[in-house]
Structures are given as structure tokens and as C-alpha cells.
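Two complexes come next, and they have one chain in common, subunit A, joined by subunit B in the first and subunit C in the second.
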Partner chain A sequence: MSLLSQAVTILLNGLQQGAVFALLGIGLTIILGTMEFLNLAHGALYLIGAYAGLLVFKEAALTNGLLYNSGIQQVGLGAGFLAALVLVPIIGFVVGALMERFVAEPFYDRAETDQLLVTFGLALIIEELVKQVIGGNTFQSIPPETLLGVQASGPIGLPIVGSFPRWRLYIVLIAGVVILATYFVIERTDFGLVVQAGTRDSEMVRLLGIPIDRSYTLVFAMGAALAAFAGLIGASFQTISPQIGMERALVPAFLTIVVGGAGSVVGAIAGGMVLGVVVAAFQQTYSQWAFIVMYLLVALVLVFRPQGIFGSVEVGE
Partner chain B sequence: MSDDTEPDGGPVVDEATERVDGSTDDLLERILARDDLVVVGFVLSLFVFPYLLVNLLTQIGEAIGFSIGGYVGLPTLVLIFGIVVIGFNLLLGYTGLLSFGHAAFFGVSAYAAGIFTAEATAFLPTAVAHSPLAMVGVGTFAALVIAWPIGFVSIRRSGVYFAVLTLTFGQMLYYYALGPGAWLTNGDNGFSDVNVGHLLGTFELEEAILGADFLRAYTWQYVFVAVAAVFALWMANRIINSPYGLIFKALGQNEQRVSFVGLDVFRYKHMAFIISAGFAGAGGALFAIHETYIHPTTSLYWITSGDFVIMTILGGTGSLVGPVLGALIFEYVSNVISGVSLPVIGAIGSLWRFVLGAVFVVIVWVFPKGVYGGVRDVVVALTGRGDDDGGEEA
Partner chain C sequence: MSADAFLELDGVDAYYGQSHILWDVSMEVREGEICALLGRNGAGKTTTLRSIAGARPPDVRSGTVRFKGDDITDESTENISARGVSLVPEERRIFPNLTVEENIHLSGVSRNWSNRVGRALSFAEGGLSNEEVYAQFPRLDDRRTQQAGTLSGGEQQMLAIARALKQGGDIMMLDEPYEGLAPQIIQSVEDAIRRISENGMTILLVEQNAVAAMKIADRAYVLDQGEVVFDGTAEALREDEATREKYLGV
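Take a look at the complex of A and B:
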């Protein structure tokens, strides 16, 4: 493998991993920026997305858990991946809206530490609930065979790189479209303007007579929908188990916004891509060091550029 | 009386009226408000704790048909985590810094103590190299050594950034122990070459101090850990009630004012961080002695840091022994209640984390002072407050 093709492969793998990080990061950052609310249950939303995707897409064969014990061996709609792409964000949106109403809202005025702790507890509850109902076992990843009539599995021939998994390429494209759409909603619509202004100074927005509280539920739900969507994308190439919310989503989401700069959508996208490419580069060369280097990078950014690469404000400082 | 030591112990008005009353109820509250009496109470309770947890609960369990009794090693485990969270609380409860990386100090100390027993025989007599006291010394020292640079960097940020920074350092050590550091730690297979010798060269840690069955939970290991726990609590008490510790509390309340007074905020926070890491280190070394096996996931992984947070909050921040109560509840529920099988639902099994999460949310939501603070409030409300209400109405 030549150096160039190796570099391009790293870049593609990095973009694909980075896209998941970016989706998670955008969700977390708009919630953090607008409501100054720290959501440690963000990983749990990813978890919900992954399992919702599994159950909408396929009929999953259960091996333990409450449903299995009550005689249900197969569960799921088997409605195909397209249905999952549509339904999962909606499920995430609804869960997020409920979460904002009943858990987050009472904690807006309380100490940052309390917010962290209550959402941490909520994350534990959701993880356990999934484990109890659907079972604690690991499910295989759910890459679709075809999507919209186009073949999605198998390798694809690319210039320079040669053969590359087709689905991984599509992930970059699909996630890219969603990220761009989010970017346009935030940057080009009136709603986005309110959210953006809210991340800068929510009190000022309220003083201008804009009912920003009403936008809160919408922003929270949107962030949750993005996290759930990230969960679906993640589940399409990684295994699914109740631990993934804490292990694969929560910590990377925080690292992403810390690197990119809290409260900035562009920062979250950039942060996700930077982390994704760094991890991919080391996974391909010195795989044992990949995560150590990722955390080291975050520590360096925090020490030398605490506002992040693109951020202008420090939240919670 | 308690005004000198603990201004937050309760409303001053209450105490003034109660002092006039001089009833036994107000004695109780005064005891609860005084930290050094709490230490004495802690020591006394340690004498009966293993009996209550292991023997009595087993007997009650047999009577009602559920196995709710603790096993012999459980009191020791509770106190080990108790030591860790006493130190964690110095940081979270008093200084107001939430660290998500204390597993780093816990784990590094456990590994240092374990590796010391395996390697030190080359240049030290076996009696020293395998001595539990030396293990605790080496482990705590290792924790302090890595806490210095980690604290030096992390303290520069506050809030979420502090939490994330401590998390990143902990995770770096975790992945190092799991992968590149496997030559030292034996990676994912875990480090099992922990050789624990006799305490002071004479006492076998696994043996009970006396042969009687009702004393079966009183092993030498329990005695060792209990002495360490008392020492830890005594030291925390000394720190908090010293002028130095007063500055820790002041930092938790208003950092800006501390700096206005002319004190070096960074230095005090850094010291609080290192001291707290020392407690985690002592606990980690004792954990290595207790388990004689160390795995990155049980020692260094960030979930362990999360467990420390849960225990501390559960028990109650801002009181010295509160977190120990949290450690007791956490370990009891995770080790004993998880094995209980109920008639309708069946085995509780892994449901314990669900219950724990729910309890945790309720506590953060309703009782920010934790179980200990909640119980204390109830006691005060039942005794002192009741009298006062009557007085006010009249």
C-alpha cells in the first residue's frame, strides 16, 4: 500500500468515525450552548438510537431479558433501513422533548454539578432499562444490504485507495447530508438565529422579547434526535450492547465539543473530524496508542486552547 | 460550642434555644454537628459493623427467607471504598471540584502495590517486599506522585473542563495499562502476581482474629483496613478543622473572595487535589491487598471514577462520614442485594444498577445533602425542630 493510498484510507475512515462524533457533538453543543445544561445522558440517547434502529430495521433474535423471559423470542418491525433512517430521529426527538420537560427543566437553575449528577443517574437508568427489557447481550452491527434500491454492501472500487467498504463511504455521505442540513437550520433559519443568539447570551435574547424558553424544548429535542441518529449510524458498523452509550458516545461527545469549542456547531463538526482522523490514523499504524493519543490531544487542547479550536466562549467556567 | 468548629451544622437560633432546654435530644444533635465526636462514633461503630453486616443480617435473612447477609470480606471492601470517598469528598464536598478521574489514583496505586510485591523481592527481604504496610506506603506514594502533575494541569480549568481533563488523564492511564503497558500490567489478562504477606510479619490477613463463629467476619484484614479507615477519617477531620482546611471550604463557597483575601487559590486547590488523591491511593493499595488481582477495568476505568461520585453523593457531601455511608449502601446493594431473588420478579441480578440509578436521581433531586444529611435532617426535625415550632407558636 503506497503512502498516498494509506493517507486517503485514513482520511476516509477518519471522516466516517468523525461523522458520528460530529453528530453527537452538535447535539450536545446546542443543548449546552443554548440552555447551559450539561447532559450526561447524551450517550443514553445514542443508545436509544442504536436499539431503536435495530428494532425498526430488523427482527432481532433475543437471548435474554424481560421480553425473552415472557416468551417473546423475536422482536422488531423488520421495516428496513430506510424506515429506521426516518423513524429513529423521530423517536430521539420525542424522547428528547420528554427529557427536557421532566428532567432537564427543573435543573436549569441549579448548580452545574447537580445537572451532571442527575443526568448521570438518568443515563444509568436508561442503560439498565435497555439491558433488562431487551437483554444484556451484544448484537451484531446492522449494515443494510440495499438502500433506495442501490446496493449498499460489499466493497467499492475507488481511485487511489482501491477497494473500500461501500457502506462506510455511504455513511460519510449520509452523515454529511444530515450535518449540512443541521448547519443550514442553525445558520440560515430564524429558528437557528434564535438558537445561535441563545448560545451567546440567552438572557439578552429573552430581554429582546423572544420567547426562547419555547425554543428550549425544540433545541433539546433536536439535539436528542441527532444523538439518536448518530446511534443508528454507529450501529450500522459497530456492535450493539447496553454499554455503548457510556463507552462509545458520551465520552467522545464531550471530547468533541471540548476540542471544537463548546457552543459552536462548526466547532463540533471540526472537532469530530479532527478526533476521527487522529483515531483512524493511529488505529491503522499504532493501534494500541490510538485512544491514548486521542485523550492526549484533548488534554493538550484544554490546556493550551481552552476555548477550543473554533470556540469563542468557555461554558461553565 | 459547635459554632467554633462547624458553622453550617445548623441554624444558630436552634442551638441557642436548645442549650437552654438542655434535654437529651439536643445532645444528639450536638453530637451530629461535632466532627471529632463523629470520629469517635465511627470508631465505636467499627467494632460492631462486621457482626451486624454479616452475622445479624444473615440470621434475619434466614428468618424471612431472603439471603440478605453480607459475606466475610464485605465489611473490608466497604471500608476500602470508604477511605477513597472520604478523600473524594474533601475535593467534591468541601472544595467543590468534581473529578471524573480519581480511578487513576486508585488504579495506579493498586498496580504500584501489586507490582512492588512481585518485583521488590529482588532487592528487599521478602518480609518487607510482601508487607501490607509497605504496599500501602508504596501505593499511596505512587498516587501522590502522579497526582502532582495531573492536578497541576487540571486545576487550571474549572467546572466541566476540570471534569473532562481529569477524565482524559484517567482514560490515558487505562488504555496504557490495557495495551502498550501490558509488559508491566499484564494488560487485559489482569495482574495476579500480588503476594500479600503477613501483617507485621505475624498476622495472616485472611484469618479471623478469634475462632468463634460470631466473630468470623473479624479477620486481620478487617482490623488492618479498619485502623486505616479510622486514620483516614481522623486525618480528614484534622484537615477540615485546621486553618488550611478552612480555606478548602472557603474555596468551595466563593473562590473569588479567597483570591481577594490574597491567598493563592491555585496552590490550595492543587493541594486539595493531591491530598484527595492520596486517600484514593491508600484505598487502591488496600483494594489490591483485598482482591490480590488487578484488572484495568476494575481499577483504572472511568466507570470506577463514576462509582466514587455516586458513593459520595449517595452518602452525602459536606459531612465527613456521609460518603462512607454511601460506600456501604453502594457495595451492599451491588454485592448482596443483587443476589436476592424475589417471589414475583425473580432474581434481582443486574437490576441493582437500575435501582441504584433511580435512588441516585431521587437523592440528587430531593436530598442534595445525601442519605446522611437526610437522616440528620429527619433526626433534627423529630427532636429539636419540633420543640422549636411549639415555642414559636407560643
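Take a look at the complex of A and C:
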């Protein structure tokens, strides 16, 4: 493998992982910025997305858990990946809206530690519920065979790289479209303008006569839908288990916005991509170092550029 | 209440947590005038403006704020703004991550926004078009697509005022608009305030720079430790050396 093809492979793998980080980071950052609300249950939304994807797409065989113990050995709709692609963000949106109304809203004016405790508690409850009901076993990743009649599995020949898993390439394209659409909403609509302004100074937005509180549910639900979508995308190339919400979503999402700059959507996209490529580079070369290097990178950003790449406000300010 | 009060505070007591900041503050701003609210740092000037604008904190525990005769004491910040009270806050608080154009556009969003979320309250009429706003601030016109965070201090102040103007309110409250600006920039901000006033806007001007504020004000209030200690015309304050020395240090 030539150096160039190795570099391009790393880039493609990095973009794929980075897209998941970016989707998570965008959601977390708009919620953090607009409502000044720290949502440690953001990873649980990823978890919900992954399991919802599994159950909509496939019929999963259970080996333990509440459902299995009551005689149900197979769950899931087996409705196909396209159905999952449509339904999972909707499920995330609804769960996010409910979470905002009943969990987050009463805590907007409370101390950050209270917000952390209640959302972390919620994350544990959701994780434990999944474990109890569906079982603690690990499911294989769920890449689709075809999508919209187009073959999605198997290898695809790419210039420079040569043979590359077709689905991984599609992930970059699909996630890229969603990220672009989100970017468009944030950058080009009045709603997005209000959100962007609100991430910096929500009181000033209200002083301009805009009832931004009414957008809170929508912002939260949008962030949740993106996290759930990230869960589905993640599940299509990584294994699914109750721990993924914490391990593969919550921590990377926070690292993403630290690198990109809290409160910045562009920053979340850039931060996600930077982290994704760094992780991919080390996974391909010195895989045991991948996550250590990721934390090291974040530590360096915090030391030398605490406002992140695109942020102008320091974390915690 | 006096018949010609446009904005009126009646015995307002305001708190930040447990600390009692405003003590029985009563004042009025008349339609079309420039009213100055003066006093030393910490006298309660910003707290007064925030109490009027419905920004919390402070917590207004007793007293009434009336605008055009309506009690607005317990109304939300956005409703008060929609009624026509705009605030140009201390330190400007423009949105640094948005362009000049987007900052100004945002002030016009409220009227449409309300329809979209089905709000019943009608919004203040008479908001200026973007072109009218830029016509008054040519320097901003040249910088429409620039990130607001990269503007100079004076330009940011102009943007904060332009933004309030775009809201189309009936009273503009300016909190320390001269703070941190060079003398010639202060002059151009002063000119802008005069011009806006001449176009019919009522103005409540908070300043530590009492001399500059008295130059353009019709009437003035002086606050000290949260209490009104002077109330009269700017002319009377200029002549009242004792009050000026004791409470303003000028």
C-alpha cells in the first residue's frame, strides 16, 4: 500500500468516524449554547438511535433480558434500512422533545451541577432500561445490503485507494448530506440565525423581542434527532451494546465541541472531522494509541486554544 | 402618575438575590425627550434599565413599571421589547459570530417570528427598513458582510444602536454608550443619538460620563446607592454644583 493510498484511506475512514462525531457535536453544541444546558444524556440519544435502527431495520434474536424471559425471542420490524433512515430521526426528535419538556426545562435555571446530575442519571436509566428489556448482549453492526435499489454492500473500486467497502463510502455521503442540510438550516434561515445568536447570548435575543424560549423544544428535538441519526449511522458499521451511548457518543461529542469551540456549529463539524481523522490515522497505524492520542489532542487544544478552533468564547464562560 | 409620563417607575424595589439594589425608585420619562440617568458606578443605573426591560435578575419585588399607561412590571423581556422598549445594553452585546447584516436582520425577525409561533400580542409598528438603518450609519453599510466581532469599539456601538433602531420601538434605553470610546467617536455616537431623538424617538440615557450626557439631555435623574437623589432639568443639574460634586464627582 503506497503512502498516498494509505493517506486517502485514513482520510475516508476519518471522515466516516468524523461525520458521526460531527452529528453528535452539532446536537450537543446547539443545546449547550442556546439553552446553556449541559446534556449528559446526549449519548443516550445515540444509544436510542442505534437500537431503534436495529429494531426497525432487522429482526434481532434475543438471548437474555426481560423480553426474552417472557418468551419473546425475536424483536424488530424487519422493515429495511430505508425505513430506519426515516424513522430513527423522527423517534429521536420525539424523545428529544419529551426530554426537553419533562427533564431539561425544569432545570434551565438550576446550577450546572444539578443539570449534570439529572441528565447523567437519565443516561444511566436509559442504558439500564435497554439492558434490562432487550438484554446486555452485543449485536453485530447492521450495514444494509441495498439502499433505494442500489447495492450498498461489498467493495467498491476507488481511484488511488483501490478496493474500499462500499457502505463506508455511502456513510460519508449520507452523513455529509445531513450535515449540509443542518448547516443550511442554521446558516440560512431565520430560525438558524436565532439559534446562532442564542448560542452566544440568549438574553440579548429576548431583549430584541424574540421569544426564543419557544424555540427551545425545537432546538432540543433537532439536536436529539441528529444524535439518534448518528446512532443509526454508527450502528451500521460498529457493534451495538448498551454501553455505546457513553463510550462512543457522549465522550466523543464533548471532545468534539471542545476541539471545535462550544456554541459553534461550524466548529462542531470541523472538530468532529479533525478528531475522526486523527483517530482513523492511529487506528490504521498504532491502533492501541488511537484514543490516547485523541485525549492528548483535546488536552493540547484546552491548553493552547481553550476557545476551540472556531469558538471565540472559552468553555465555561 | 403624571399625565405626560411615557415610561414610569413607581416605587420600584429591586433585588439581586438577597441584596437590595433599588430602593423605592420613582421616575418618569416623557415622550420625545432625552432623559439622562446618572450616578456613580454601582449606583443602580443598569439595574434600573434591566428592571424596565424585564431582564431577570434583578427581581422586582415591589413597585410598578408602566409603559404608555400599561403595567409591564411582570411581563417577559420579549413582550416588553415587542411593546416598543429597546435596550442598547452595556458592553453592546452585539452577536460577534454574526455579520453586521445578520445582526441587523435579527432585530427585524421578531415581528415575523411571532406569527410563526402563533403569538397573539401585536408588535410595535414603524420598524425601519434595512436601507433606512444603513442610511443613518454609513460605516456599517461598508461593513455589511463583516463579522460583527471584528468591528472596532465605536462601530460595535453604532451596530448596537442600529440594531435597536431596526426594532422599531418607541423608546430607546442606552446603557453607557460612550464607555471605552475615544473622544471623536463619542462625538459621532452623540450625533447619532441626537439624530434618532430628532426623528421622534424617546431616549433614556444612562451614563457615567455625566458631562457628556448633560450636554444632550433635557432632564436628568441622579441615582446614589439605589435611591433617586436628584430629579430635574439638565439645566438645573448643571447649576446644582453641590449635587454634581457629591454624587457625580464633576
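A few comments on the model shown:
The rule is simple: the second predicted complex is superposed on the first by the 316 of 317 C-alpha atoms of A that agree within 3 Å, B and C clash if a C-alpha of one lies under 4 Å from a C-alpha of the other, contacts with A are read in each partner's own complex, and residues count from 1 in each chain.
As a working rule, a residue touches a chain if its C-beta (ideal position, glycine included) is under 8 Å from a C-beta of that chain, and two chains touch if they have at least 3 such contacts.
Just so it is clear, the model here is predicted, and its values are computed rather than measured.
For the composite obtained by overlaying on subunit A, subunit B and subunit C can both be accommodated side by side without a clash. Measured by the number of subunit A residues touched, the leading partner among subunit B and subunit C is B.
When the two complexes are overlaid on their common chain A, residue A:291 makes contact with subunit B while staying clear of subunit C. In the superposition on chain A, A:214 makes contact with subunit C only, not with subunit B. In the superposed model, A:206 makes contact with subunit C only, not with subunit B.
In the superposition on chain A, no contact is made by A:82 with either subunit B or subunit C.
Residue contacts after overlaying the shared chain place A:97 against neither subunit B nor subunit C. The gap separating subunit B from subunit C at its narrowest, counted between C-alpha atoms of the superposed chains, is 14 angstrom. On the side of subunit C, the complex with subunit A involves touching residues 53, 55, 76-78, 81-82, 86-87, 89, 93, 95-98, 102, 105-107, 109-114, 117, 119, 123, 149, 163, 167. Of all the residues in subunit A, the ones that touch subunit B in their complex are 38, 69, 106, 112-114, 116-118, 120-125, 127-129, 131-132, 136, 246, 251, 254-255, 258, 262, 288-289, 291-292, 295-296, 298-299, 302-303, 306, 314-317. The residues of subunit B lying in touch with subunit A in their complex are 92, 96, 98, 153, 156-161, 163-165, 167-169, 171-172, 175-176, 179-180, 302-303, 306, 309-310, 313, 346, 350-351, 353-354, 356-358, 360-361, 364-365, 368.
Those residues of subunit A whose C-beta lies close enough to touch subunit C in the complex are 190, 193-194, 196-197, 199-201, 203-212, 214-215, 263-264, 312.
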